[in-house]
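In the two complexes below, chain A is the common chain; its partner is chain B in one and chain C in the other.
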Partner chain A sequence: MAYDLSRYDGFSPDNYREESPFKIHGGCGLMGICDESGALMSGEEPIRAMAVQRDRGNGLGGGFAGYGIYPEFPDHYCFHMMYHDLRARDEAEEILRTRFTVDHAEPMPTRPVRGIHDAPILWRYFMTPRAEVLEELDHSAEDFVVSTVMEINARVDGAFVASSGKNMGAFKGVGYPEEIGHYFRLEDYAGHTWVGHNRFPTNTPGWWGGAHPFTLLDWSIVHNGEISSYGINARYLEQFGYACSLGTDTEVAAYLFDLLLRRHRLPVELACTVLAPPLWSEIERMPAERAELMRSLRAVYGPAMLNGPFAIVLGFNGGMVALNDRIKLRPLVAARSGSRLMVASEESAIRTVMPDPDTLWTPRAGEPVIARVKGMELPFHSTLHATPAEVSCAVTAADACHELEEVAV
Partner chain B sequence: MQQTFVQPEFRVKIDYDKCHKCGRCVQQCGWGVYDFTERPIPHDEKCRACHRCVTYCPAHCITIEKNTLAFRDNDNWSADARKAVWTQADSGGVLLTSMGNPKPYERIFDKLVLDACQVTNPSIDPLREPMELRTYLGRKADSVAVEPDGTGGFRLAGDSGVARNIELAVPIVFAPMSYGSVSLNVHRSIAMAAERLGVTMNTGEGGMHEDLYPYQDHIILQVASGRFGLSPEVLKRAAALEIKIGQGAKPGIGGHLPGEKIDRDVSATRMVPQGSDAISPAPHHDIYSIEDLRQLIYALKEASGYRPVGVKIAAVHNVAAIASGIVRAGADYIYLDGFRGGTGATPQVVRDHIGIPVEIAIAVVDQRLRDEGIRNHASIIAAGSIRSSADAAKAIALGADAVAIGTATLLALGCHLCQSCHTGNCSWGITTQRPELTRRIDPEWGAERLTNLVNAWSHELQEILGALGVNAVESLRGSRERLRAIGLDEQTCRILGVKPAGL
Partner chain C sequence: MMTAATSAPPLGVIEGYRQVTPVVERDGATAEVDATGVYFQQLNETVRRLVAEGATTVRIAGVNGQRYLGAGLAAPGVRIEVHGTAGNDTAMFMDGAEIEIFGNAQDGVGNTMSGGRVIVHGDAGDVLGYGMRGGRVFVRGDVGYRVGIHMKAYEKHVPVLVCGGKARDFFGEYMAGGMLVLLGMTGRDAAQPIAGSFLGAGMHGGAIFVRGTVEPWQCGAEVGISEAGEEHRAALRPVIEEYAAAMDMDTAEILAAPFTRIAPMSHRPYAKLYAPM
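Moving on to the complex of A and B:
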């Protein structure tokens, strides 16, 4: 059995599924900040950046992901878990302990915050894969982590993996982001990269696991937008085996990044070009070699183009990428102050954190803003061989897992 | 001779009070309806209702009416059914006709509606924002491989690019119609229009007349079962080659161009003797299975210096499996011709009763190719019949890469759909080789009308994309989520992959 969504207040899985696998509409606010020197920033900063963008959400979802936040366990996989009850915790822990050496496990530190209620049981685990299990399965560590996430999401009733990377974690739930941030005591953490998100869904899943960011391994994604090409994007991904079961644009964007970066091994700049490609008229003005590349990317990846208004921030251990749609229909502002690069839906968010930036600009349509922490590699997960269906299941815990299960049986 | 039981279908009425007695109608009618003795005298039984005389009568004094003879009501034995029996009892022959299936089968395009953006995502104004229709036809790589270009950027690695694709400025191409079935002036008009529009024309099975060579980069050369007009030299001229297996108006049926139509020019282009019948067998005599098709595809690629090779088939029951085989055989595009597609001559029984609607064919082929993970290996051109930009948009949303227009092309040149192309007497100078008739089409005029038509449809497609909130046609292509069905049964909706309106 998959995670039983119906146990959360105000949430009816039937309502939820009625819209999926088609479309859930919504608007949002987002932010991302990265100190390229690797210096750490308190989690208070992303909270303040999201707090001034409160009106971009409606209290039905807020969340953050922080990188570099667990210096005491830099090489451990850290699982942030959501449980509905203790039985779910026991079952999930059983799986974790047979597969990993758990060096540290504890409840997530939280504090009571007005406006936050019906929180699931929240735990975190710092673990390393058991060498003998890894060997037996002949898996890379990353494959092993993804299959564990899937296993828990698919088979443990009432358990959900909120994040599963190294030296990072996702903090998300139902509420305004500043409430969620304070609830999770983000001010006690320090990270070199943070992303934050505020939701305005026009339906009300009210499910903690459904808040953003979406994560898998080191990747996290937040998204503000409404992708008018959703239908063909989803059909394109299905051709590769991804299952777009939540009906959200974020899910589609996450799978497209997985496809382009990990499976097709495109450089991140070109993956962004695929999602928000230049106009043909611009391509014709490029030097021949580049024009030929752009033509081919557009022709081959036409169904992957995200058409319609969006702004996305993709966070990873060592940086972030922010991207706007090809004709800039959603806001995205960027600024640099010393070694810090920041993006947000609104300039006010930037000015809150960096009152006097060296430069502040509005990134051009389709032009990615890329921040890279010095000395850190871009994680391409070249040792991850998970199939798209497995990735879908790990990310969403929803219908995809049922299907996988059926195939497995 | 025995009196035929079949009465004239139309009545040609002339208001003699207004008639100038100029005789123009006599000269305009390709079917010799009129005698002239002091005034024009019509022989109703020859009239095809092509409206050529009506259009050119300076006094506007001709009307063509239906001959509304009363028959005893019989829902089962329609007047047409009775007439068909009488005609065949007269002649003992197959009933011949032309153009597409006119029967009142369900028109699925008319039961599909498109979406538009409201509030949650913005529509886009095509008059102010770019709205891109460019389309590439042909095999696409599964992924694009790149390598560093040495200056911090990247360039294409290997041959994962689209250099061998056919570039179309808009996703509307001209459908195959052979020289021989249509006149050279029609071919010239279409070729000029294709070049101006940045799209392609298709020679049909009759080869490429040398007057078309200047436009060869916009010409797809058809290779049909008669193999007319093919030589190593011509194969290398075309932008792409197309193996014609079948066509929507006559699936499974060959062709027969009577010797009278094979004049010196047609004979030279088709490479057949002047005055002898040009017969296209029903199957290709070297294609009796999918492996044979593969051989021909690769033989043509080899002979043409690796031009894209497409395969045209009629939409029939098992079209999805057939299309999958064709794609796996190496075709760069697959041309699906629905049962409404037109033709210059076909047995009526075949035209009216064989084949399936193109809407269904697009939906099942696109889905099958996706299920098999080979959708990108070939493009889909849909035809038969695309009547408007709305049909084109719906075909694209169902999964077609581009649409082809044949009947609409001829309509733009004057055709009135009188369904008499097989007689070779087209008053509009389209489907005839009689010089006094073919003269009626000035290629320059024809090219302008065709350019206008495709430009008009392209603007409408841009309006549709803008309403849908996307600015490139690839975001509509296959996006069935933007379609809804009104009044289609559940099973058909499921096959189309389209939800009923309201869901």
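Moving on to the complex of A and C:
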């Protein structure tokens, strides 16, 4: 896709002033770490894991997301915002204050770092949705937050939501990840789960909003690869009210997980199967019931399949999921040390944080690696549903599922 | 307002590797290099300088992911020991040195290698021996996806790659020459089959030997599968002897099982596909 980006309809030059319209081929680097005991880790750990993977990126994007980092406001939605200018901030704040009660707002704490420049205006807001607005719109709080994010990203020129979850936040920008982490003073935060990313932009511009992770609600996605099905995925997501406006393919992965896990209530294993389904030739060799389930998923969720090479890590409040494309075209290594589960693009990143892990392995193509913080309620169905009937009741309503279980008993 | 972390705040940006010359200790023709936290460029420059100065053994400690170790090294008789995790593209373009890795190797080891020998005592990652055209790669443990992809041979230059453990999909994909051997004797996951799918897919030269059997569905459409006969086992024997010596294993034990030989049915599998109508 080596076309002139300025001619692409989806980009308004005003919106993307920072973009660098050139293309360099390369990889990206990523990491994810979760302490399943819920113990907190300093933001320095993910920085160290990304710093040894520096050569996987080129300084045009670095970022992190941490979970459990805002114990003072655990039940508030925290919006990390990026603004081009004060006008954009005024416009976005107008939307936020109309829809939410803002209990605390402040500039993001940063420090000057050599190599980090042209930063947007960075603010964060701890908020709760206004009950009367929620009632009027007849939205769940989550859908209300999603529509607010879509509205700001798509309609407010020069304002972007970097993250919008509870007790979590994304810290990202143009630079190497270790510089971005230092810039955002990540050592001042402590979280049970972290994801990190080093970007080597290939098809889309390197700009602050386009750095990874991409987030929505509690979900954060870091991604190495390219999603060649972006067009199909984006059109599919539009039907469900997701506007892809950030100019990077990874955005669709974050919204797909939100659709599959939160709205359709698919168990996480099956959501991963939707994104990286087995080949038809593999399905033919499966036991009949499993094959029927796989065929159903491919029939229902064909447009949600991610085509092209990828390794992704999905972070959420309560753990993380790492996943490769179905023919393993990007690197991913996993390890466990005590209660900590870690994944990264390179073994060196893992050994920097856990020099002598209990086990270290390379996950198979399309086989998710899942970490869950003990005692935390998961934002999705956690058990694997084995039959199409169970899946469809998972998709339609949780209650139906419970009924089914009762019948089974 | 934030929860204070336990560690002291860093003075500057955290560095993954430092751009410094590594500490070297010389003892005659042996050199010991401490690679801990040293950037790959300075590390490789030091290794090349030591070889140019006459070192025949270079022992590198504290390796963790530094790339390109021994890349392009045309130094027969030189032995490099790597202690730690060897980085991507170790031994890339190498022509005539020996690299022995005491640890795991990341992706792309032996990429387009022309000669010499690489011994990995742990596991090796994806695209091991990519486009390899000479020399030997011996791995004790498991290997990743696309191992030996597009290996090729010409006259005396015949690359050989032996894996003691198990391999994932696309083993020997587009293979054009040389020998790939998969033993499945050391794999860590007993439930995993010895090889994944698409074994020898698009293969049009060379031979793959698998200790034991593979299912036809595991193999590409372009290959023939047969039990290795006397003639082919005779070709395999010296390779296994060399591997067993390097790994301190027993040749007889390795050869005690039948081997499956996978070889192309055609040297031009796609001739019809791309021929003018």
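Going forward, the second predicted complex is superposed on the first by the 287 of 409 C-alpha atoms of A that agree within 3 Å, B and C clash if a C-alpha of one lies under 4 Å from a C-alpha of the other, contacts with A are read in each partner's own complex, and residues count from 1 in each chain.
As a convention for this text, contacts are C-beta pairs under 8 Å (C-beta built on N, C-alpha and C of every residue); 3 or more make two chains touch, one makes a residue touch a chain.
All values reported here derive from a predicted model rather than from experimental measurement.
When both complexes are overlaid on chain A, the residue A:270 reaches chain B alone and has no touch with chain C. After overlaying the two complexes on the shared chain, residue contacts for A:346 are found with chain C alone; chain B is out of touch. Applying the stated contact rule after C-alpha superposition, one finds that A:221 touches neither chain B nor chain C. By the document's definition of touching, of the two partners only chain B reaches A:307; chain C does not. In the superposed pair of complexes, A:232 makes contact with chain B only, with no contact to chain C. In the superposition on chain A, contact of A:52 is made with chain C only, not with chain B.
Once the two complexes are laid over each other on the shared chain, residue contacts for A:281 go to chain B and to chain C alike. When the two structures are aligned on the shared chain, A:289 is found in touch with chain B, with no touch to chain C.
In the superposition on chain A, A:299 makes contact with chain B only, while chain C stays out of contact range. When the two complexes are laid over each other on chain A, chain A has residues 281, 327 in contact with both chain B and chain C. The touching residues of chain C, when paired with chain A in their complex, are 1-7, 9-10, 12-17, 40, 64-67, 84-85, 87-88, 104, 106-107, 123, 125-126, 144-145, 168-170, 188-189, 197, 217. Interface of chain A with chain B (complex): residues 22-23, 25-27, 202, 226-232, 234-236, 238-240, 263-267, 269-270, 279-281, 289-290, 292-293, 295-303, 305, 307-309, 326-327, 329. Interface residues of chain A facing chain C in the complex, by the touch rule stated above, are 40, 42-44, 47-48, 50-55, 69, 71-72, 109, 113-115, 178-179, 181-182, 185, 187-190, 281-282, 285, 327-328, 331, 333, 346-349, 351-352, 360-362, 364-365. Residues of chain B touching chain A in their complex: 117, 120-122, 124, 129-130, 132, 134, 136, 140-141, 143-144, 146, 149, 153-156, 160-163, 165, 370, 373, 375-376, 468-472, 474-482, 499.
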